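Okay, so subunit A shows up in both of these, paired with subunit B first and subunit C after.
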Partner chain A sequence: MSPPRRRDREALVRPYLITGGRAHPTVGSLGITTLVRAAPETESLGLGPEHRRVVRLCSGGALSVAEIAARLELPASVTRVIVADLLDENRLQVLSSGREQAPDRELLQEVLDGLRALR
Partner chain B sequence: MGSEPSDEVYLAPTVRTAVKVLVLGPFAVGKSTFVGTLSEIPPLYTEETITRTGAVADDPHGISGKTTTTVALDFGRRTLNDRLVLYMFGTPGQRRFLSLWEDLAYGSLGALVLADIARIEESFEIIGVLEERGLPYAVAINDFRNAEMPPDEELREAFDLLPEVPLVTCDARERDSAARAMISLVEHVLSVCPQQSQESA
Partner chain C sequence: MTQQHPMFPSPQRAARGAVVRSAVGAGLAALVVTGAVTVLRQRNRIAELLRQLDNHEAELEHLRTKRLPALAESLNGGTHVRVPGPLGGGDENGAAESLEALVGGIEEVVRLTREHVEQASRRTLTGVLDTVRGLAAEQHMAVSEMQHRHDDADVLADLYTIDHAGSQLSRRLRGFAVLFGAWIGQQRSATLLQEVLRGAQSQIRDYQRVTVSPHCPRSLGCGPEELGVVTRAVEPLVLVVAELLDNATRYSPPYAQVWVGVQPAHNGVAVTVEDAGVGMPLEEQRRAARLLSNERVPLDEIGDPPRVGFAVIGLLAARYGLRVSVDSPSSYGGVRAVVFVPNELLTRLDSEESEPEETRQPASTVTASGAGSNGTETTSSGLPKRGGRKRNAAARPAPAAAPDSSGSAVGLAAWQQATEANSPGRGNDDGEDGEA
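Up next, the complex of A and B:
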C-alpha cells in the first residue's frame, strides 16, 4: 500500500563501472524471473566486489534475477549484466528452461491448481 | 501447498519453472498489499532504470533527447508446487513506463489490474495499454473500504470492459480474496489460450 521506499544508493558504485558498459549477448537470454544458482564449488576469486556478492548470495540456493537485485540492492538491469557475466564464466547455472515464455495450457492449469490449493 | 509466509530466502531446490504476473494499478490502490498478501516471502523491492527516447522539452542536458526514469517494482513469490513458482510484480502501468513493463510483460501470463471504485478513470490508461499490447488481464476492484458496489453491468460499463474480461472485487489484505482474484485472471488466460501448441502450427 505504502509507496516503495527510496533507498539511499550513494554508496553504490555507478552501474556503468560495474558492467563496463559493454554489449553482452548472454544478457538477452535472461529475464527477470530466470532462476539461477551458483555452480557447485564455485569460487569468487578474481571477481569484482559486486560479482562476488552475487556469487556468495547464489551459493545458498536458487533465486530469480529479480530477487538477486532486491537482496543486493542493485538495479535490475545491472544485476542482469552481472549474472550474465557469471554465467559466461560458469560460476552460475541457469535452472529454469530457456527464455521466459508465455505459459502453455498445461502450465496454466498447473498454476490454477496451485492457486486453488492456497484457498 | 499453501505454506505460510516465511523468511526463507531461497527457492526449493526442485523448482525449475517460474511464471510471472503483473499487478498493475494507479498509485496507492493496494498493489503492494496485494502482492504481499499472496507472497510467501516478505515483499521485495527493486528498481529499474528506463530510458525514454524522443524530443523532451525539459531535458536538462538538451542534447541527447533521452531521459532516464527510475521505476519501482515491488514483487513477491509463491511456490505453487515442487517445480513451479509464481512471481508477482506490482508496478504502475502508465504509458510513460511502457518500455519497462513491456520488458516485464514479455513472457508473463497476464496482468491483474487493481482498481479503486472511487477513481475508476485512473485505470483507463492501464487498461488501454494492455488492450493495445494484447496481454490478457482481469480487473479486480480493491474493496478495502467495503464500499457499496454498483451493479455489475454498470461497473463493466464504467470500465468499458469487453464481455470476456473478468471483473471481480477483492480485499487485497485477505489471502483467500486475493487468491480468488488471481484465480479469475488465470482462468481467463486459460480460456483465451489456444488449444494447440504453437510448434504444431
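Up next, the complex of A and C:
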C-alpha cells in the first residue's frame, strides 16, 4: 500500500454520500488486508458508481481492502462499508481474510528485493 | 383757488387763466385716473402673488407631507410605492419645476450614497468572508484527512457529521461569495456530470432524500461515465444544483424524495430537479422569477434571515451561460426546476469504467477496453474528447498479479513486467530510466 499522500483538493463527492451516511460495515470481520474478488458472472447493474468500480476492480482478480481504498482514493473505513455491502449482495467473495498466515521472512525479503529492483 | 392779479386785470388774461385752470383740472383728473388704474393693477398683482404664494405653500406642503415620504419609502426598497407628482396649480414662474428638480436631486444624491455604501459593504463583507472561508476550508480539509487516518467506524460516524456540516457551510460561503461579487472558490478539473450532481447532493442537509438518476442522454454520444463538465463550469453548476436541491428538500415533506435527472436538450443537456412537495407559494414563485432574472442583486434583497438561493442561482446562470427555470410543475406534484447546460460547458471525459480493464490485462488487450462505449475521438454531436481526470492512471500497478504472487519471485517478475508494459506514460520515472 502506498503511503498516504496529501490530497490536493477536497473530493467533490463526500464519503458520507457514497455510503448513504453509514459508517459501520455490515460485515464486521473485514480487515484492510482481507482479500476479496468479484463473484463469477456478477453484474454491476443498479449499483452506485463507487460500488460498481469496486466490482470492476475485483473482477480481474482478488484485491485487498487497502488496495481498493487506494484505488478509489477513499478512506479504508469507507471502503470497508462498500465492500461489506457488495459481500452482502454476493457480488464479492472473500478470498482470504489475510490474517491466517503471516508471510514468512524469506518471502518478505524477496518482495523487498523485487521492489528495489523496480527502481 | 386762482386769484385775480391786482396789477393786470385784463380780459385776455382772465381767459388764459380759465384755460390754464381747465388744463390743470384735466391733468389732475388724468392723474387721478392713472393713479386709480395703477392701484387697481397693483392690487391685482398682489392678489396674483398671494395666490402664487398659496400655491407655492401648498406645493411645499405636498412635497413635505406626501412626496418626500413616498420618495423615502421607494428609495428604501418599497419598489411598489408610487411617488406622486407636483400639484401644479396655476404656476407661471416655474416654482413646480424647480421643486421637481429638487426632488430629482435628492433622488440622485440618495442613489449615489447608496451605491457608495453598497460598494463599501461589499468590500467589507468580501474581506470578512475570505477570512471565514479560509478557516472553513482548512477545517474541512482536516476532517477529510482524519477520515483517511482513522480506521474506526465509530470515529468515522462522528467525522461524517462534521464533514456534512462542513460541506453545507462551504456551500453557504460560496453562495455569499457569489452575491458579494467575489471569487466563487476552488477551481476543479473537468468532472463527470454525474459527479457534479452527486457533489451538489453532498452539500445539502437532507442529502439522503435525493436520488440522482444514473441515466444520461445517449444523444450526446456518451454515457454517464463520459459526459463531463468543463473546468470553469464545475463549481458554478455544483452550486446551482445544490441550491435547487436545498430548495426542493425544504419545500417538500420531510419523507418525500427529490429526483435529479439529466435529459437531452437542443445544443446541451437539461438537468431537472423535481420534488413532490406542495409547490412554491405564488409570492415565492414571483420572487424566484425576479431573482433568477437579475444580473445584480442588491444586498438588502438578501433579507434576514438570509435567503440567498435564487439570487445565487440567477447570478451564476447569468455569469456562466446556464438557463434556469423553476416555473414548470413537477410530474410528482411539486416544483420542477430545470437547468439548461449548453454544449460549450460540456465535454467528453475518458471513461473511468475502462480503467480496471486496462490495468488488469496485458497492454495488448487495451483495445477491448473501449467495448462498452463507442470509442471515437469525438461524440456524435461533435463534443471534443478531452483527457479528463484519470487519477493515477499512469503509475498504477496491475492488480491481477498480486494474489498470484503466493511465494515466488516468478510472480513478482511477472507483476513487474505487467507494470512496465502497462504504464507507458509513467512520467518522470520512465524518463529517467530512458536517459540512464
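As a working rule, the second predicted complex is superposed on the first by the 82 of 119 C-alpha atoms of A that agree within 3 Å, B and C clash if a C-alpha of one lies under 4 Å from a C-alpha of the other, contacts with A are read in each partner's own complex, and residues count from 1 in each chain.
Keep in mind that, in the parts below, a contact is a pair of C-beta atoms (placed from the backbone, for glycine too) under 8 Å apart; a residue touches a chain by one contact, two chains touch by 3 or more.
Since this is a predicted model, take the numbers as computed values, not measurements.
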Answer with first, second, both or neither: which of subunit B and subunit C does A:Gln109 touch in the superposed model?
first
Would you sort A:Thr34 into first (subunit B), second (subunit C), both or neither based on which partner it touches?
first
Who does A:Leu95 touch here: subunit B (first), subunit C (second), both, or neither?
both
Partner chain(s) touched by A:Leu118 [first = subunit B, second = subunit C, both, neither]:
both
Is A:Pro25 contacted by the first partner subunit B, the second partner subunit C, both or neither?
second
A:Arg56 contacts which: subunit B (first), subunit C (second), both, neither?
second
So the subunit A residues that subunit B and subunit C both touch are 4, 7, 15, 32, 35, 60-64, 67, 71, 75-77, 95, 107, 110-111, 113-114, 117-118
Taking the touch rule as given, give the residues of subunit A at its contact with subunit B in the complex, in rising order.
1-5, 7, 15, 31-35, 60-64, 66-67, 69-71, 74-77, 79, 95-97, 99-105, 107-119
Listed in rising order, subunit C residues that touch subunit A in their complex are 137, 140-141, 144-145, 147-157, 160, 163-164, 167, 186, 188, 191, 194-196, 198-199, 201-202, 207-208, 214, 234, 238, 352-353, 356-357, 359-361, 391-392, 396, 399-405, 407-409, 412-413, 415-416, 419
Can you list the subunit B residues touching subunit A in their complex?
1-2, 9-13, 15-20, 27-28, 30, 32-33, 38, 44-49, 70, 72-75, 77-78, 80-81, 84-87, 89, 103-104, 106-109, 172, 175-176, 179-180, 182-183, 186-187, 189-190, 193, 195, 197
How about subunit A: which of its residues touch subunit C in the complex?
4, 6-7, 9-17, 20-21, 23-25, 32, 35, 37, 49, 52-53, 56-57, 59-64, 67, 71, 73, 75-78, 80, 95, 107, 110-111, 113-114, 117-118
